[in-house]
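Here come two complexes built around chain A, the first alongside chain B, the second alongside chain C.
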Partner chain A sequence: MAKVSRRTGTERTWLLTGGLLGLLFAFPVLSPSVYYVSLLTSAALYGVLAMSYDLLMGYTGILSFGHALFFGVGAYGAGILMRDAGFDFFSAMAVVLALSAVLAAVIGLLSLRVKGVYFAMVTMAFAEFFHILVEKLYHITGGSDGFTRIPTPVWLGGTVQKYYVALVFAIAMYLLARRLVSSPVGSVWLAIRENETRAAMLGYDTFSYKLAVMVISGMMAALTGGLYAVVVNFAHPGFISVSTTINLLLMVVIGGVGTLSGGFIGALIVQPLGRILSSYFRAWLLVFGVVYVLIVLFFPAGILGSVRMWRLRRRRPPGAPRGPEAGPAVPTASPAGPGGAPMTPAAPRATPGAGPAAGDGGAGGP
Partner chain B sequence: MTLGTMTAQESTGQALHVDHLSVYIGELHILEDVTLRASRGRCTALLGRNGSGKTTTLKSIMGLVPPAGGRVTFYGRDITGRPAHEVARLGIGYVPEDRGVFTGLTVRENLLLAQRKRDDERLRRVVRLFSELDPLLDRRAGTLSGGERQMVAIARALVNPVRLLLVDEPSKGLAPRAVRRLAELLAEVKKEATVLLVEQNFFLAAELADHCYVLDSGRTVYEGPMGELEADEETRRKYLGVA
Partner chain C sequence: MELKVVVSLLLQGVSLGMLYFLIASGLSLIFGLMGVLNLAHGSLFMWGAYVAMTVYGLTGSFALGLVGGLLAGAALGVVLETTLIRRLYGNPVGQILLTLGLILVLDETVKLIWGPTLLPYPKPAFLAGSAEVLGRAFPHYRIFLIVLGALVWLVIHLVLNRTKVGLIIRAGVEDREMVTTLGIDVKKVFTGVFALGGALAALGGAAAGPFLLVYPQLGLNNLFPAIIVVVIGGLGSFTGSVIGGLLVGVTQSFVGYYEPQLAVAVNVALMALVLLVRPHGLLGHRGV
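And then the complex of A and B:
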């Protein structure tokens, strides 16, 4: 089967990616202040968190209002283990990963029985339960004040080191997520997002696939939370709050749902912009609101999603439908299966009017 | 063209037995004591007017609509109320009325997604059979015509070893030329798999089916060889509105 990949603009994409990475790695040198470096560190980590949310919402169509729970579990888990139990960073992260996997599996098993808004409500209830629990367990968690004094590993000592660790972590997580969505499992996630019943009709146990994405995205969020707590040397109940999940939702919507990298763009806007605006305007939330409205108005599919839609329109063969079925920014997955051998000796790209039925005016759909 | 779908053992006898199936949706009694059999290696047509319960029967067999009573057995195995993914894994392919293709995916991705166990040779044979799809493999299914989508839907059902194919209104909304091509393709498919065909186009059903059932208001009102129904003008007129 011939490989399923975008073939146009590949070189341009590589050039852009290379240039962007070069710029990001050179940023500490180019930045006028370490403040901006720490802003970008925070944005990189929130970008990973948003990306993990995008796996859930953008790729599988599961709207959770409790995703921040895993971020909080990671932050508190790593912080408590390192501060109070003497764990080193990597051991703490390993425990956090295992814990978040079990927690995500349990919550998934209980909540995935319901769908849509009911699922969102159940996940929100779980997040709120843990939010309250963290506030009540004052002796361990520091209550509503949160806690600091998390031992920082030597290699995470300075702002620049933290930046590079966060950047490498973000790239690694992105590559992992990209690999996942390009895998057979990713194709089934996409199918579930498009139509769960159809996916089931093809023989896929959609519940298991949804559980899998919940566990994977939960683990990714927890890992990010653990690293974030160590980087900022702080854990706070706000990490678990519904408003954190809503912020993630905004990041994904602004960047582009179902794009993975859109989460980073969203985080880059929401995180640093919020902090910068707050230092100049007292009514910064109002300005923020206007920015959100403008983005949603002018980029209805998110920034990256709109760019992809625009590129798709340019490539669309003449006469192809222009309606929603033409598909907005649906990520290109390389479904599984027979991934190497060609389906036919030559599988040419569709050309306008190709094939006997392509221009069959009479064969219009219902 | 062979898809190697049926084993020699399966080429005779009974594939599917729907026994006194009843389905309620809310307060509505959609199916009442529907009984039908699909013989191995044959094409059985399920006919009837709009709202007679044909689609619900297929959905119920497929596990998409829970039955209130009755039994569905597939090669002797009780599959009543089993979830759709389990039913599909037993070798029942379903081509729904709305085609059910993933419009955001390309034709190739639709076919690859449908194949649960890698079998390149089978894929090649399916694409060879549905030759119109070959140049469209990299087109998004959402940009295809109705006839092309129908081909994707049927091809997708055949990329796995299918022992029974449920096809719901394949000719619906298609132009005569596309219907003709579809009839040729289904005739090919019929050679290799047991087919249960729901169709409003009586002439297409008559061309393809060996045996038929007629549903009216959720009940089976007629059963017999297709040829007999073709000759029975009164029944056709009464239940199908076809002279």
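And then the complex of A and C:
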């Protein structure tokens, strides 16, 4: 992976990151009401979920319609273990992690045999199957009423504690994901996204790498689901539904595919902003849909991706050749892409937390 | 199981299957020719139901309602194809993302125009009764659905197999580039197939309205069964969507008789099985 302009703007990036983190940690004090604190808590957790989806979609080019399954498994797993089986928080999370790893491996082994649209549908089928299962197993899961009264550990008692735990969790997960995508494994993921046949020809066992990213992102989603269920004391079959995955897709596309922190921006827009605006403005979802369609058509790199591309273009002296390291992923990762324009790998370290738009996402830069 | 129960469930399954076929066939044709998985297809289905209900309410004619729904679907198909989807040919992921957004736009527009609540769409008087089949009541409306589905299947089948347009479409599904090379304006064919797909979906919605009731989640709720049908039958295969529709309808009817909630799960399992054994569906081509 080419390393992009890590010299320029480094200081500004650090300042921005520091300021952003300071703002995020001070938020409960600054916020006019705890309502906004709890909104930001769920945005941080949804941001991690969207980021785990971005590992699949943005970094490896795998379009799954079943990612919500792992979120739901985490939520229900943690809920059932803690309420009905007497597990404490950490041992429940350990079990959830192991369980989701096995589940992701099994589903991956079966579904990665097919590609593209077919893969999307198989994963959707698996998720929908579990969705129905959870609704059907009423005596264990509470069915469509949801799974309630999940106990909260003492240290997670209040709204503010929950916020800080979610924030620290989001930062930790972000750093972990950042580490992963800049590792050699991450480069192979990018290679698969750009051209799987070529990666295979170079001698990489692409199936194993795809399985690995499914297991890792599945575990990350399950962990987030477990924490989310404990934070809201509640799990619902809707967590596993296709519409949850669709929401994740919206978050990642709006924030920026293949940027990691884009997921947080998307989560912030879809979650708290959406909830606040829709209470004032009935047509908000329609406006949101139109904006989303425009983003897909004209800014396929999303908010963060477009900002990064703009900054890179501005920084490069006029007439300089456009390097192969140009910008973040544009979701056209199809081998049959129009004109066969060379897809540019994301510049993973280019400008974490670029621009003010990258703000308030809970995404601290390395 | 008694024979009359079997026959009754079979008829019920066939009528449901015909409904699924109406939704799925357009989805399948569009995918076969253009490689576009139009996720907004369910929303076109719902638009058909809403427009048909409105026209029926205004004119008092059920047939005019069906025609109105069908035309609305065709018009929406043309508008979406020429203004938006055309920009993203050859970019499957972009198309999925785009049509996903169109679901939001189309469904929210429905909510703004007709409101978020369930609306009545009465059956016309001449279809409100029921016939007797082996001593069990079978609603006229289900018979109507079976007849309509069979009629649509026959018409489309003849168009695809006996006309020049049909020849071009079938050739386009097999090998799009070859058709272009032969000097045929594929752009127009694409728009036409999108109009046809939209019209089929909307007709399905118009006919299903009195049966499924009309509400803003109607589209999303029917997208999933449509996808199951198309995947089982084979993406791009018209006959496949008939077989897939009937298979899913009959399975749902029989399983639903014993365990209503299991019906969907069985169909999902069926789809997963087909995908794993024959990834391109029962009648699908490897090429598409």
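Simple rule for what comes next: the second predicted complex is superposed on the first by the 295 of 366 C-alpha atoms of A that agree within 3 Å, B and C clash if a C-alpha of one lies under 4 Å from a C-alpha of the other, contacts with A are read in each partner's own complex, and residues count from 1 in each chain.
In this section, a contact is a pair of C-beta atoms (placed from the backbone, for glycine too) under 8 Å apart; a residue touches a chain by one contact, two chains touch by 3 or more.
What you see is a predicted model; the values in this text were computed from it and never measured.
Trainee: One more residue to check, A:29. First (chain B), second (chain C), both or neither?
Mentor: In the superposition, A:29 touches no partner, neither chain B nor chain C.
Trainee: Is A:288 in contact with chain B, with chain C, with both, or with neither (first, second, both, neither)?
Mentor: second
Trainee: Once the shared chain is lined up, is A:122 touching chain B (first), chain C (second), both, or neither of them?
Mentor: Only chain C; A:122 stays clear of chain B.
Trainee: Touching A:201, do we find chain B (first), chain C (second), both, or neither?
Mentor: After superposing on A, A:201 lies in contact with chain B but is clear of chain C.
Trainee: Who does A:190 touch here: chain B (first), chain C (second), both, or neither?
Mentor: After superposing on A, A:190 lies in contact with chain B but is clear of chain C.
Trainee: Report, in rising order, the residues of chain A that make contact with chain B in one complex and with chain C in the other.
Mentor: 333-334, 336-338
Trainee: In their shared complex, at which residues does chain A touch chain C?
Mentor: 63, 110, 113-114, 116-118, 120-122, 124-126, 128-129, 132-133, 135-136, 242-243, 246, 249-250, 253, 282-283, 285-286, 288-290, 292-293, 296-297, 300, 331-334, 336-338
Trainee: In the complex of these two chains, what residues of chain C are touching chain A?
Mentor: 31, 37, 84, 87-94, 96-98, 100-105, 108-109, 112, 220, 224, 227-228, 231, 235, 261-262, 264-265, 268-269, 271-272, 275-276, 279-280
Trainee: Note which residues of chain A are touching chain B in the complex, please.
Mentor: 1-2, 4, 187-188, 190-191, 194-195, 197-198, 200-206, 316-317, 320-321, 325-327, 330, 333-339, 341, 343-344, 347-351, 354-358, 360-366
Trainee: Spell out the residues on chain B that touch chain A in their complex, using ranges where they run on.
Mentor: Contacts found on chain B: 62, 64, 83-85, 88-89, 94, 96, 98, 100, 102-106, 108-109, 111-116, 118-120, 123-124, 127-128, 132-140, 142-149, 151, 156, 160, 172-178, 181.
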